[in-house]
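Here the structure is laid out as structure tokens; the discussion comes afterwards.
Going by the order they are written in, the chains are A, B, C and D; count residues from 1 in each one.
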Amino acid sequence: MVDPITATPIAPPPPKVDPSVRIGDLVLRNAVMPASGTFAEGLAEIVPFEKLGAMVTKTITPQLRGGNPTPRVCEVGQGMLNSIGIPSKGIDYFLEHTLPFWRTFATPLVVSVSAESGDAFADAVARLDAPGVAAIEANISCPNIEEDGKAFAMDPRSTAQVVAKMRRATKLPLWAKLSPNTGDVASVARAAEEAGADALVVANTILAMSIDIETLRPRLGNVMGGLSGPAMKPIAVRMVYQCARVVSIPVIGCGGIATAADAVEYLLAGASAVQVGTATFVRPTAMLSVIDGLAEYCRRKGFSRVADLTGALHDADMTVYVHEAAS
Amino acid sequence: MGQTISFQPGLRAGAASATGPTAGPLPATPSVADVLGVVVSHVWLNDEYRYLVLEAPEPAPLARAGQFFNLECPHTAEDKPFLRRPMSLYRADPAHGRVEFLYKVTGLGTRALASIKVGRTMRMLGPLGVGFSIPEGARSIAVLGRGVGLATLAPLAEMAAENGVGVTAILSARSSATVMSVERFAAIGAKIQIVLDSDGTSDPGNVELILREAAASGRADAFYTCGSNRLMLLMQRLGRELSIPGEVALEQQMACGLGMCFCCVRNFSVDGVVEARRVCTEGPVFRLDEALPW
Amino acid sequence: MVDPITATPIAPPPPKVDPSVRIGDLVLRNAVMPASGTFAEGLAEIVPFEKLGAMVTKTITPQLRGGNPTPRVCEVGQGMLNSIGIPSKGIDYFLEHTLPFWRTFATPLVVSVSAESGDAFADAVARLDAPGVAAIEANISCPNIEEDGKAFAMDPRSTAQVVAKMRRATKLPLWAKLSPNTGDVASVARAAEEAGADALVVANTILAMSIDIETLRPRLGNVMGGLSGPAMKPIAVRMVYQCARVVSIPVIGCGGIATAADAVEYLLAGASAVQVGTATFVRPTAMLSVIDGLAEYCRRKGFSRVADLTGALHDADMTVYVHEAAS
Amino acid sequence: MGQTISFQPGLRAGAASATGPTAGPLPATPSVADVLGVVVSHVWLNDEYRYLVLEAPEPAPLARAGQFFNLECPHTAEDKPFLRRPMSLYRADPAHGRVEFLYKVTGLGTRALASIKVGRTMRMLGPLGVGFSIPEGARSIAVLGRGVGLATLAPLAEMAAENGVGVTAILSARSSATVMSVERFAAIGAKIQIVLDSDGTSDPGNVELILREAAASGRADAFYTCGSNRLMLLMQRLGRELSIPGEVALEQQMACGLGMCFCCVRNFSVDGVVEARRVCTEGPVFRLDEALPW
């Protein structure tokens, strides 16, 4: 090519990459969104929300809730533990005071919700069917009081029950956020799909613990908490791979994503989009570099659409035992 | 504290309301940014405290007294801090584009921070949080700090002076070797009282006497404190008794610094009801009368 | 105190710390032993085996087995994945050729064993009741062919079955090595105890995956593999804590231990001894520094016996929801 | 290969037998240790290759040609290798207590290794594995290497020379800029043939001619190769045809280097049966006729 004015040769423009992805009926302008509980209004000054694929709220509960004792976080190597709990002002407060803020952005809003029983979940989901809510993300990694406090998503049966109840309660796209604290995430994924989930988010934090050997006390006020950040990435990538092989709804990868390379790993493993959590604490602009880096990777590797990365792993010649542990 | 002179660089979303997010879009010009500071000086003040000066682009040098930054500490062979570390503004110099910190080396993060060399860069998120405010009509304030808390109060004293408000500064420390920032307070003509553990003068009874005298002689239209639970309780009790409004700068473990993670909550007593607030967004400066001991 | 010869004052000798621990009937000279699969003859030149609390063999299977395709390991941040599989020359070979080597050391030998069904496990355990074998570690994190390849230790029922069969087959101390790839390790632990296990090892590697985004291929020849090293420590510490609360047999902590501080964390969480795996690859003398560091910690903190660290966590004032996920 | 002159520093447990561990206690004096080396020189030879010289206590400088070390690479801001990295001995100098490596910067670990400065220390585990051996009665050997494989063959050539065995060295490289160790081979009076991709001389057909000529003129009583699959297959075929014994130094990903983890296996054809062997313990030097392509 030649510059029409100077008549000097110019490099061809880099090939255009389509960054958009589709999660069920929802088309997102790109594959990157925040993880629930790691995103809020305060980030707007640093990250233009119009650049994100979607916005995801902190989990909201039907009623006012306090959250856990402090300390609520601690570092562990290249990761952190949190036991924030789910402090929440309740759905009414959310609809009245918080939703109007989110509505001022053109980016789809995903509302994360949690409740203590299937019926409470259904009721909450129904109440959230409001203008400005693009999808519901059901945080079913939370304890189910009808099952002795075990999380819904630890078990395919309770997952199916709670998702089915929510499905009947709303026409909004319904995403189920799975827990990594299960021995059989693939079965849980299938149960959620069969019960009517439109997408899966894989995964929430991994239950963990850290002890201060000087004070001999747990480093979290709640004793145990959830591991997030790079340390959990290989585990969550594996779960995305296991889930994507057994469901046909989109899987959204989440866990330790800090760079575009991390996001690519999730997409290749089968994810259709990704959520960035802890990385935003460490580098508030992390999501923006993941967005740019994804397009750059596609350009370099000759993919014309970010969506083409989904499941593009070269594993056809490899034998996979989905359930098999390693050592 | 009734009407206040606002010394804030502009209200931010989180700071605007302690009860919830505001509706409507945010101001177009960001007053918080994650900028790259360049270390221009970094020295030990004594065995424990380091003094760090950075050149940083705006908005960093627009930070006000009581605000803080969330600093990305470097990694060393031994220490690889994962999260950032919050540090109060020690001095902001918009004219020269400088931001200063004074910190105590306590653990992983500050040990790593202590390794950063002149000329190296460091990401600094800020300015964050709600800074100090001085009640309208105040002619003189009393500040009471201990340890690294003095670092947080020094820019408040200067802000007061700039606004023609007098300062009484009670500086508490273990021994004379660890009193810091005396020159800063002296430079603005503050009435300085140093109280020490080593000679018993830091005893709460003695500090109470000093504060009462300051109040009695009209040198304490407002109280400010930082760095000691015991001194905070003392000032709170006196403030209530003498109807002197006040503010306290609090600390809590932080992850995001931006009001997103809810790890930095502390409890406050608001009209008799206990309420949890995020130190990073609703604070770190709070009304003295609502603070609860930690 | 005064030096009797020079008459100058001398510092009192540091208080003696008893480093020994008891695992059921077995008294170990200290709390530190290698993890199965990360220890072999080749280390003898670097670590005097007489200094270890016990020796643990690579898992042995009844018959000759090949192991997995290469690459068999990859790094992930502060940890590694492996899909070694269980290459094994079989029990007969072990008894004839390998056991005599181990018998030359005075340190108790723990033989790790694995099989594909409960009966095969029982048979293997019976054959290993030979002079020089101090205990059996049953690696029940391996796939159970009677349960569609799911690991025995993913489920309390299959754990109970396989442990009960082994229990009937041997009088040797029987340790069950649990898998972290389960949603309910506490129930698995209880099942193993009820079925007759004398101790638990918690835990094996966590199933994980890593992808090379340049080649678009899994970084392990087996696609998925087990995460070990520091990255898994907070998860395994949590599991030790959960297990130790619900069983009265000793728990042996394993996962990411590289320093004495790591070992202390496990002991405080409830472990009676620890295994060091991946750290030996990174620093072959790691076990020796853990041994020395444990005694040093006890001295500094005023514990007269390393065994007193077990469960010494200060959590009495804290509310614990053993099953509850965090976020 | 029949009877061999053993140049091994002493048999080690793992190395003693390819079929399983030996019974009985190990030798009292360890011939493997994890020692702390001090970097005395560390320079770039060209854009890709670095040359590293360390001072290290025994047994490190007793290493023999073909053996290797497992190096603990330092951590840098960008690269934090978790596992060690295996590197062949490039030169051992027991008299001066030195050990040398020549390596190519390829990824995380070697990038981090490249950052280590003169005066810094590095843990090095070794010497590990089974080195080269020269058949008894051999008067002259032919070595064929490519890329960093030349580094592994250089000390073999010196060992041959010390034992009065002549050396023909065929050095294959992309271009003349990337041929390494020529001086090393020259210094011992080896007959050197440089073959390049840039002028087509590295073509297997040409290399075959050179090897055949060496064999025909009695300069190849044994074959040695390292660094190229294609060249290994060529030498293996010729070795079989001409009944020339040989050895090949192989690479495989490693974790422990000590025969414990079984990650470093490669397949070999032993009397027609495929057998997996650990490169770290049964190798890295293997019989050429049993090696399988990778």
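The rule is short, and it goes like this: contacts are C-beta pairs under 8 Å (C-beta built on N, C-alpha and C of every residue); 3 or more make two chains touch, one makes a residue touch a chain.
The shown structure was predicted, so the numbers you read here are calculated from the model rather than taken from an experiment.
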Task: Partner chains that subunit B and subunit C have in common - done: A, D
Task: Set of chains adjacent to subunit C and to subunit D - done: none
Open item on the list: Based only on mean CA positions, could you tell me how far subunit B sits from subunit D in angstrom?
Closed with: 61
Open item on the list: With centres defined as the mean C-alpha position, give me the subunit A-subunit D separation in Å.
Closed with: 48
- [ ] Find the geometric centre of each of subunit A and subunit B from their Cα atoms only, then give the gap between the two centres in Å, rounded to an integer.
- [x] 36
Task: Whole-Å gap between the CA centroids of subunit A and subunit C - done: 33
Task: For subunit B, residues contacting two or more additional chains - done: 80
Task: Residues of subunit C engaged with two or more neighbouring chains - done: 37, 76-79, 82, 84
Open item on the list: Taking the touch definition from the header, please name the shape of the chain graph: line, ring, star, complete or other.
Closed with: ring
Task: Pairs of chains, among all present, that meet the touch criterion - done: A-B, A-C, B-D, C-D
TODO: Name, in rising order, each residue of subunit A that touches subunit C in their complex.
DONE: 36-37, 59, 76-79, 81-86, 139, 141-143, 148-151, 154-155, 179, 181-184, 204-211, 213, 215-218, 221-228, 230-231, 233-235, 237-238, 241, 261, 264-265, 268-269, 297, 312-315, 318-321, 323-327
- [ ] Show which residues of subunit D lie in contact with subunit C when the two form their complex.
- [x] 12-14, 20-26, 30-34, 72, 80-84, 108, 123, 125, 252-253, 255-256, 258-263, 265-266, 276, 281
TODO: Provide the residue numbers of subunit C that touch subunit D in the complex, in ascending order.
DONE: 37-46, 58, 66-67, 70-80, 82, 84, 87, 89, 93, 97-98, 100-101, 104, 229, 280-285
Task: Residues of subunit B touching subunit D in the complex - done: 74-75, 77, 80
